[in-house]
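Everything below concerns the one structure shown next.
The letters A, B, C, D and E name the chains in turn, as written, and every chain counts its residues from 1.
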Amino acid sequence: MFEAIAFYLFAFLTIAMFYITVTTSQALYALSALAAGMIFISAFFFILGADFLGAVQIIVYSGAVMALYAFGMMFFDTTRDVKEKQGNKAIIIGLSSLAALLVVVIVSAPIVGNNVEAFYPMVEGAGNTQEVGMVLFTKYLVPFEVAAVMLLVAMIAGIVLAGKKMDLSLTLMSDSELMNMKEEDKKVNV
Amino acid sequence: MEIGLNHYLVLSTILFAIGLVGVMRRKNLLMLFFATEILLNAVNISFAAISHYYGDLTGQMFAFFVIAIAASEVAVGLGLLIVWHKKHNNIDLDNMSSMRG
Amino acid sequence: MLAPVNVSIESLNLMTLVPMLIPIIGALLIIIIDLFKSEQDKSLYVMLSLLILGVDFVALVDSAGVFANNGTIMGVFDVMLIDGLAILSQFIIVGASMLFIPLALTHKRFHEFSYPEFFALFLFMIAGFQFMVSTDNLILVFVGLETASLALYTLIAMHNRDKSFEAAIKYFTMGALAAGFFSFGSMVFYALTGSVEINKIAAVLAANNYEDIGFVLIAVVFLLASFGFKLSMVPFHTWTPDVYEGSAAPLAGYMSIVPKIAAFIVAMRLFEFLIHSGVVWLEVILYIGVVMTMTMANVWALVQTDVKRMLAYSSISHAGFVMAAILIGTTQSNSALFLYWILFSFTNLGSFSMLWISRQKNLPAHQQSDHSYDKFSGMVKTAPVAATIMGLFMLSLAGIPPFALFWGKIYMISSAITGGYTVLALIMALNSAIAGYYYLKLIVYMFMKDPLTENNGHVYSSNATLPLRTIIGIAAIGTIFAFIVVNQLLEFVTLFVYNSGY
Amino acid sequence: MLDHILSILVFFPALAGILGFVVNKNSIRSYGVAVATIEFGLAIWLWFAFDSNVSGMQFMEQIALVPAFGINYIVGVDGVSLFIVILAAFFTMIGIASLGEMKDIKNLIITLLFLQMTMVGVFVALDAIVFYLFWELSLVPMLYIIGAWGGPLRIYASVKFFLYTFAGSLVMLVGMLFMAYFYYQATGEWSFALLDWYRLILPESFQNWLFVAFFFGFAIKVPMFPFHTWLPYAHGQAPTIGSVILAAILLKMGTYAFIRFSLPLFPDASVYFMYPIAVLAIIMIIYTAMVAYAQKDIKQVVAYSSVSHMGVIILGTFALNVEGITGSIFLMIAHGVVSGALFFLVGVIYDRRHTKIMSEFGGLASVMPRYATIFGIMLMASVGLPLTINFIGEFLSLLGFYKQSHILTLLAGTAIIVGAIYMLSAYKKMFFGEVTHEENRNLPDVNKKELLALIPLTIITIWLGVYPKVLLEPINKSVEGIVTLMHEKSITQEAKLRIPNVNKDMGLITKPEREAH
Amino acid sequence: MELFLYTALFSPLVGSLFAALFGASPKIKIAGIVPSALLGVSLFSSTMLLILVFTTDITLHVEMMTWIATGDLYIPFGFVVDQVSVVMMMVVTLVSTVVHVYAIGYMENDKGFNRFFSWLSAFVFSMMVLVMSDNFAGLFIGWEGVGLCSWGLIGFWYKKESATWAANEAFIMNRIADLAMLIGIFLVYWNTGTLQYYAAFTAMPSLDSAILVWMGIFLFIGAMGKSAQFPLHTWLADAMEGPTPVSALIHAATMVTAGVYLVVRASPLYDLIPSVGLFIASLGAFVALFAASMALVNRDMKRVIAYSTLSQLGYMFAAAGLGAYWVALFHLMAHAFFKALLFLGAGNVMHAMHDELDPFKMGGLNKVMKGTFVMMTVASVALAGIFPLAGFFSKDLILEVAFVENHYIIYSVLLFTAGLTAFYSFRLVALIFHGEERYKLFGIHPHEAHKFMLVAMSPLLLLAVIAGSFKMTYFEMVTKVLPELEYHIHHPITFWIMTIGTQLFVAGAILYAYKKYTSREIKVPDGTSKMENSFGYKLLINQYYIPYFYEEYLVKAYRELSDVLWTKVDQKVVDGTVDGIANILYNTGDTTRVMQSGNLSTMLKWMVAGTVALLSLAVVFGLAARYSGEIKIFLSGLGV
């Protein structure tokens, strides 16, 4: 019973939050709603016993959303609405509700659970974090490492793209400009 | 009133659809990124739920990696956003159509 | 409490990781070099990357030998799957990368090559693709894919001009949507079968006799959408021309080959078993998709005014053509896919390189884009050799024998016939005819029009250096003399594909 | 050397073409002539070495190309192809020798040498894929020749030429791959070798489908009505040399392929489609002749006349008997010589006046009597006067087809009437009457260089009209082989009836061996 | 003896080639003399062969070499000299020798002198091939060869529009008939397996009569073209645009009779199909009358003679059609002599009158041109069939044949035509040589032709007079080959009544013509007289409006249809379809490229839309899953 109440409550809340996120014209509202939604999702994780995941969700998204906040402040006059030209709303609403409807039609059917076996079953008595660690560092060791590489890539990408070096485009400079720049560099170094 | 797997799947689908609305509706790049985050998070709920109902950890693993991917995407996405903003001083998609046809 | 896990190192088959680790280590090496001594010339990194890729290639040859002897190898808790497909596709990935990387040594300076990070990201990307193809675990596929994609977005943007940012953002945003689709599709499969490993999914579905066909279809739809994006199938192709136009020519060429072969492999692993188990719907959808992609891309390519955009659409069309292999799903068709793609790599990289050596920094007034058709007017008069080579690539792309792509094309069409898809074979053939028009258009410009007055031919090789010429030479030789190696290639590919069970 | 003479014939010009890049621009003409002459000499040598008593393939060579897929480089020559090969060598030779002053002559000559490779290749290839290879490749040099040296509409014309034929041949390619698949099903091995395919007996419905697939490729090349519209453009825009080679050799690829592929591979389908194709051929003959009559441009007249004559060739081919097929092969050569010569002649006047519109001329007979004479001879050959080369072919083709249908032959025979109408009226417009245009009054007559091309053609026209035996004998031998094969392979009653039994006592497979000794 | 055969055959060719050597050079006498001399050689050889054949009854048959051999078809260059062909050879060589010599004078002031002789000798060669060949294909070579030479000679004065037009008309009209001839040849080949006369005729009796009828009809249509029978007759009158020696040789004596020769040659065939023979005879009779009627009013001297030729050809066909082949051949021979003579005489007149052709503008020329006058008068008398000239023997015989064979209609038509013939012949003679000297009005000073020309004509004169006396010798000779049918009207009274009656009728016609056209009232007609406005006159002078009909409804229609086919069908429909397909593809690209708007939002929408489309399809499929069996069947039809 508790589960049901919790589910419906958080379901309502997440839907509401995300709805605000995609519809509001206030950047800060959107940001806040997104953050709230994320938190509510972590609640589902806790309900479903995925404590580790819940924790990660909160940590990662609080970090990520903080960053977003920062950018939001940077880019927008937060007091004003974000102006977005809207095209045909019917298409958007039509497409997405159709998508939802179709998927729901199929998904709401019960799944035939035959022949499904838990390849990495949860172990009685062990904490969720422990279990996750066990699987993560055996079976999912390689993906984990690759994910590390991915984060490295993302980091490098972020640094490169946001870096100052991007301000001057060598691609667009003509040969003579490039020569001048080199000479200036030399002068500076000297 | 038992909450079954289907409930979660439906919820997940609805959230995913909201994400799609955002993706299609948003003309502001930053706001568009929010929508893509919603997509990934919507799926994560299902992964956790399936994992729970099957007693299998793979779903949680997947969700974990999805979070990692979402985070990385934000990093790269913001990098691109900054570059664009620096050059154009706006992040509106409608100004982003020099190539067409 | 959890019982401790005992794993023997031998059972892990860690050597399966070697081909991926080499570029990762190489990338780290480059970063470290930059850390200690910055402002190195790009040639250092180019050669270093080439070297690393060479080592990687050797490692692949080694795994190919192991595969030939022992068959498919699973490794590292069965996450890694080194079968024929993985090896073949890695050959293509690494080989194409080796052809690509010397193209950085241009005469003119471009922004991206001033970064050592460019080369590091490039190597990371290769590793990502390699992971993606050598596993049947959807998680690793996803992570590998994202690693590669994120690196690729950055590489595009690093060209540092408006169009490239625009391209990167478009690619990125659509990529994010596709990632959402991918995870949703995987989720449904997981819900159905409790597994994210393709062979297990297949096994469970087969055991259930596909009773949840609705769920299967939902999963397939989302996965198809996500791979449709990667493979630029109509209508998920919209990013392709813009991104190709926005990125530097060699990178565009690279994008038309490497990410696609990786996506093909995953698509093959994912859809093949479904088609073989009689999911008619998928067959129909793929049929429509293949035909649409081939035809519409061709039709759009007809109306392009920029060569690079034309080549972009043409590569969409080629991808559609090759996608047919997955639909047909026989050993012959899958072999044809590899044969086609190997031959396509040479020709397509060659033609993009030709655009690259003629890249101008400042466009003259009459020229709308970097590589508009006008630019190539009367090229044969001012730069006959270059024009001939470019013409050759165009003929090869059009499928004129005996140039490289012809052999892929006939084998592919033959596989369609053998597989019972006669109508498809005809459509494929007729599409080649439509495609002939736009390839010919460039030839017409190069060979039959008069040069523009201020064009003295210098422009066609303004960006050329010895390494670039070498690459073009290799591509040209590969294109012309393909008929010598086709047999060996075919036998090799067929053996590997057959032994992988496809 | 004789063992490899066909490969030498095929690749020698291409090799020479590559080396030609090094030759200085001023000497390239001599170089081209020299190469083409050597090639022609080799072709003549081939003729001398050719054994007319053998009906099968001679000088065969085989090199594995893609054995895993059954593709081999197989070449060979028989009576059907021998003379077309010689003709190709001959036309390239006189074509290069008589080239006038043109821009980029070096590129042109090198292109011509490559074109020669593809032309010879098509006619000697005995592997479907190798055949297809040369078939497609031949489009490229021609595309360049028309597109770079042609008239004002050259780009449209060349692209149309290329794409149209390309589209057709792709359908044919599908047919070929299908054929190979059938062979694979029957034998468990891939093979594209024509001689292997000959042994395959296909069910009738498959024959029909494959026949249609091949038909598209061939018919567009021929070009048959209603696929002919690329031809007037191509001819109208092409430079003289392009038109000459296009008309003399390239068009023959289609009709040759009918004889090489369609008839022996699909005898029942050939019978099944005989009437529809004959009707098309007749439409071709009459309709294009009428269209030719309406032309104002002399080159277009000759171009449409080509289509009309090709109709007769097709008709002869689908006579399905020795007389008809021999006639059609002979007519291929004849039409090659005559239409080639006519295009040369049009080129002569075009060089002088830079127009091809007939109303610009008139009265040329008194200004250029030699030119008028040669034109007259070729004109008469074109309308099929006996003792000229064309007559033999037309006569035999029609004679052959008469066996199949009286009424259709009667209709087709109108070729000799309608042909005379447009040709004579064109001649009248150009040569007869008073000189009405001042600029025509002092036109120089044909010069030595032009005579170099025209005199041999005239001699051949009459020589082979009087003494066609030299050609007919080897052709006949090979055609008998083909007809025998068709008769034996055919499965329907209708086909057995329509295709005569040439050798009632000889088995098909043993035949070539027996006759070799 | 083969030597004679070859010299007879090839010396004209040598002569032609010799003259052709000077084709482009200015006039040189030798280009005329040598061919003439070589023709003399040919004539001599023919004579020797005639003597040989006549004395020994040998049929000389040689095969020079193989021409076409493929499949079962075997055609050699084979020549046969038998009684029939040797007669033809004699006629051909004799008349051509005369004409050649004559032409040396006639053409002396013409720029194309050398060319003329080249063509003329080539014609003789072709004609010799035609008559000497031993098979249908060889005949066809000659058949087309004479057509070619006729084209070249009619259009000899190529600067004249009318000449070239006539040349083309002649060639094309002949081609129409040649097609039928070819079909006839095909029929012969596929039914008898050979084209050799002897073998083919031997095989024919065993064939189905329907096939034989077709053969006969097609071969005869071929003959109709060459011999200008209705409805293919218009070219002959127009062919008079050529130089007069050409008209004499080709369009009177030799080529036009080739059709008759063909029928005579194929007599074994036509004997088997009397119904076709009757048709031939009827057509012949009709043409005889039809042509004669047109000759009555024509105001062109040469055309009158041409119509006369046509009319006489009608006689020949009438005879041949009734099975009297030898009679036909005999008339052919006799006609050759006097008609050539007539033409050459007309040539003299033309020369004298500076190419004036209207006899109404002449008159009284007998004073200046005695020789010509005599010759033309004799020729006309012969043509009219007055005893004892050649025409009497041959033509009367034809009338007898018709009578004896009980074809009275044909007989009466022919008889009536004989009167007409006499009338128009002497109308011409009267107008030219008698009456007022109307030419003076036009300031012309006529002169007699060269002596040697007249001398050259004299053999013809002689033969025109005496040829009839060879009748019996000739009869004995040719009936070794041809059916030996004698036509005697058994009742002597009938015979005499008929003969004398005919003679009187003819003589009456002559007198009437003289009376009418020697009168002083004869003026150059100006289109005002009552007769000229009468319907009949208009009909005749316009040749029954047949040329008009051809021009308006065939030539024009053909030209217009051609134009329509080109501009409308070929360019718009056939090519339009091809370009249309290309344009559809291109336009599809052009209109749908807006999909690629370059706006990221749109791209994302497309992507979602694609997914939704796939989803809808999935749902449809999911719902229809249970009907998957049917769907599979449906799809298998698509080759899926």
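Convention: a residue touches a chain if its C-beta (ideal position, glycine included) is under 8 Å from a C-beta of that chain, and two chains touch if they have at least 3 such contacts.
Everything quoted here is computed from the prediction, not taken from an experiment.
Colleague: Starting at chain B, what is the smallest number of hops through touching chains needed to reach chain D?
Modeller: The least step count works out to 2.
Colleague: List every chain that touches both chain C and chain D.
Modeller: Chains in contact with chain C as well as chain D: E.
Colleague: Compute per-chain Cα centres, compare each with the mean of all protein Cα atoms, and return the closest chain.
Modeller: Taking the mean of all protein C-alpha atoms as reference, the closest chain is D.
Colleague: What pair of chains is linked by the most C-beta contacts?
Modeller: A-B
Colleague: Provide the C-alpha centroid distance between chain A and chain B, rounded to the nearest whole angstrom.
Modeller: Computed from C-alpha means, the inter-chain centre distance equals 6 Å.
Colleague: Using mean C-alpha positions as chain centres, tell me how far chain B is from chain C in Å, no decimals.
Modeller: A distance of 26 Å separates the two centres.
Colleague: For chain C and chain E, what's the span in angstrom between their mean Cα positions?
Modeller: That pair's centroid distance is 76 Å.
Colleague: So the centre of each chain is just the mean of its C-alpha atoms; given that, what is the distance between chain A and chain C in Å?
Modeller: Once rounded, the distance between the two centres reads 28 Å.
Colleague: For chain C, what residues touch not just one other chain but two or more?
Modeller: 139, 143, 146, 150, 153-154, 157, 169-170, 173, 177, 191, 194-195, 214, 217-218, 241-242, 303, 422, 437
Colleague: Quick one: which residues in chain E touch 2 or more of the other chains?
Modeller: Chain E, residues with two or more chain partners: 582, 593, 596, 598, 600-602, 604-605, 608-609, 611, 615, 618-619, 622.
Colleague: Give me the residue numbers in chain B that touch at least two other chains, ranges are fine.
Modeller: Residues 5, 9, 16, 19-20, 23-24, 26-27, 33, 54, 56, 58, 61, 65, 68-69, 72-73, 76, 79-81, 83, 94, 96-101 of chain B touch two or more partner chains.
Colleague: Touching pairs of chains, all of them, please.
Modeller: Here the touching pairs of chains are A-B, A-C, A-E, B-C, B-E, C-D, C-E, D-E.
Colleague: Using the touch definition from the top, list the residues of chain B that touch chain E in their complex.
Modeller: My answer: residues 20, 23-24, 26-27, 93-94, 96-101.
Colleague: Under the touch definition given earlier, write down the residues of chain B that touch chain A in their complex.
Modeller: So the residues of chain B touching chain A come out as 1-11, 13-22, 24-28, 30-31, 33-35, 37-38, 41, 44-45, 48-49, 51-52, 54-58, 60-61, 63-65, 67-76, 78-83, 85-86, 91-92, 94.
Colleague: Which of the residues in chain A come into contact with chain B in the complex?
Modeller: 1, 3-4, 7, 11, 14-15, 18-19, 21-23, 27, 30-31, 34, 37-38, 41, 44-45, 48-50, 52-53, 56-57, 60, 63-64, 67-68, 71-72, 75, 82, 84-86, 89, 91-93, 95-97, 99-100, 103-104, 107-111, 116, 118-122, 128, 131-132, 135-136, 139-140, 143, 147, 150-151, 153-155, 157-162, 166-167
Colleague: In the complex, go through chain C and note every residue touching chain D.
Modeller: So the residues of chain C in touch with chain D come to 380-381, 384, 395, 398, 400-402, 406-407, 410-411, 413-414, 417-418, 422, 425-426, 429-430, 432-433, 436-437, 440-441, 443-444, 447-449, 483, 486-487, 490-491, 494.
Colleague: Chain C touches which residues of chain A in the complex?
Modeller: The touching residues are 103, 106-107, 109, 111-112, 114-119, 123, 125-126, 130-131, 134, 138-143, 146-147, 149-150, 152-154, 156-157, 159-161, 165-166, 169-175, 178.
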